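Here is the structure we will look at, set down as structure tokens.
Per-chain numbering from 1; labels A, B, C and D assigned in written order.
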Amino acid sequence: MFTYKTQIRLHDTDAAGLIFFANQFKIIHDAYELLLEKFGFSFPQMLTGEKYFLPIVHAESDYKAPLFVGDKITIAIKVGHIGTSSFSFEYIIRNAKKALVGTAKTVHVTINPKTGKKTPLPFSLHQALKKYARNKGTRT
Amino acid sequence: MFTYKTQIRLHDTDAAGLIFFANQFKIIHDAYELLLEKFGFSFPQMLTGEKYFLPIVHAESDYKAPLFVGDKITIAIKVGHIGTSSFSFEYIIRNAKKALVGTAKTVHVTINPKTGKKTPLPFSLHQALKKYARNKGTRT
Amino acid sequence: MFTYKTQIRLHDTDAAGLIFFANQFKIIHDAYELLLEKFGFSFPQMLTGEKYFLPIVHAESDYKAPLFVGDKITIAIKVGHIGTSSFSFEYIIRNAKKALVGTAKTVHVTINPKTGKKTPLPFSLHQALKKYARNKGTRT
Amino acid sequence: MFTYKTQIRLHDTDAAGLIFFANQFKIIHDAYELLLEKFGFSFPQMLTGEKYFLPIVHAESDYKAPLFVGDKITIAIKVGHIGTSSFSFEYIIRNAKKALVGTAKTVHVTINPKTGKKTPLPFSLHQALKKYARNKGTRT
């Protein structure tokens, strides 16, 4: 399973002393960008290629334990579903003690930037997602 | 119903040309802060009073239509549920043409900052939420 | 003088309890976007028109007094210099008691998006800046 | 010299397609947090210890070349000045081709959180800064 390691930064927190809830979404997107890059679908290419966009149409997060500045976290990504023109990722966030601190989910659709309409997932992305989904769970 | 008007800023967007999904969460929280202030529960007081925190334990968002820099939006807030030590808000986001562009939900619990455990909603907040819930829908 | 009123939001702060320094730059840019809009140079038009960009090549901020969540601030903008292909703005930030809490400066250049090179300020923007600069100081 | 490697994320960019200027300040602060941690002055300790704060009283940035999503950058930190109750850091940002893309500077003062007044730099921080300043230029 793909994992991304990072650390909570001061700008991720707010005056309540913990991570600001919306910043958990920012951090999981960092992990998502790296996974897509690993698949060979980097954002620079997608944005300049203009063949398809992958906007998020739904996102959700659960917060299980507080995260402070300096906390080291690991984000694991699992494939949720793979559809014709959509897919979803699930994120499991653990702290340095491997305790679950949060989970999240993002649902993406493939959009043709010219028409603004749904378009089938590119074949290579579909294959990469399926391959990744098959191998999931082998390692945390 | 409480509504909050704002405008998409350049820093809300990303290189794909639209609002970055996590920033919709930031914007609904701005609306939430103002509603709580209207209830008489301002963040400065809560954070310095240290009697209870209201962390978000779940958040979700749906994205119905793209939002660009400069777009004027209106966020309406409805009470979802009111529990013993939790409540939820639902957010309806419309653009200048009153078209639905997104929805969101946040679930909050009341935490005693000293123990880190759940504590009942303060009576006055419970009353404010119930009163607001009763009047909801009378005005957009 | 153009002034922009806003309020420090929870997501502007960090775990030290005050505004995170970089967010003062975000907030002055909000004011800048509104001033440009008032001049008739809105970001949506600039970004889709693709005739010129106005990137910031230098920015600086001074922090005179702490800002907490909920603090109401007013940002006044003055024109610094107006050059052939550049201009600068100066920002004066005051709290609800009209005390100076910060200042900032941004230097912008006009870039032709096709060549990536400097290009003269559009005549109408040059005129708007000169007119605004003449009238500055009449009102705080 | 301490260097920090990172990558421009989608949320660092805006609809103009490049990094949003204020986010360069966020990224240099990430580097600063890691350097302080290396010195043995982690933010969690400082914020809970409450012996002194190190607020930024001045910050500035120059932008030399555009940064896109996915761009890999390296930030080197040099000590600017070391005073009785203040110090400054200078940041040099290079892209993957080692070209200079930006510079920045932050000026910090030591504040006693109880009085809100300046207090001398802790001896150990003063020593760490001096040692780091002496070794600068050896470069990694």
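Methods note: a residue touches a chain if its C-beta (ideal position, glycine included) is under 8 Å from a C-beta of that chain, and two chains touch if they have at least 3 such contacts.
Computed from a prediction, not measured in an experiment: that's the story for all the values here.
Visitor: With respect to inter-chain C-beta contacts, which pair, A-D or A-B, contains the greater number?
Guide: Between the chain pairs A-D and A-B, A-B carries more contacts.
Visitor: What chain lies farthest away from subunit B once each centre is taken as the mean of the Cα atoms?
Guide: Between subunit B and every other chain, the largest centroid distance is to D.
Visitor: Taking each chain's centre as the mean of its CA atoms, how far is subunit A from subunit B in angstrom?
Guide: About 23 Å separates the centre of subunit A from that of subunit B.
Visitor: Taking the mean of the C-alpha atoms as each chain's centre, how many Å separate subunit A from subunit D?
Guide: Computed value for the inter-centroid distance: 28 Å.
Visitor: What positions in subunit D touch 2 or more of the other chains?
Guide: 10-11, 15-18, 20, 22-23, 26, 29, 43, 47, 68-69
Visitor: Looking only at which chains touch which, which shape fits best: line, ring, star, complete or other?
Guide: complete
Visitor: Please name which positions on subunit D make contact with subunit A in the complex.
Guide: Going through subunit D, the ones touching subunit A are 9-11, 17, 26, 29-30, 33, 37, 42-44, 47, 68-70.
Visitor: What residues of subunit C sit close enough to touch subunit A in their complex?
Guide: 10-11, 13-18, 20, 22-23, 68-69
Visitor: Applying the document's contact rule, which stretches of subunit B touch subunit A when the two form their complex?
Guide: 15-16, 18, 20-23, 25-26, 29, 43, 47, 53, 55-63, 66, 106, 116
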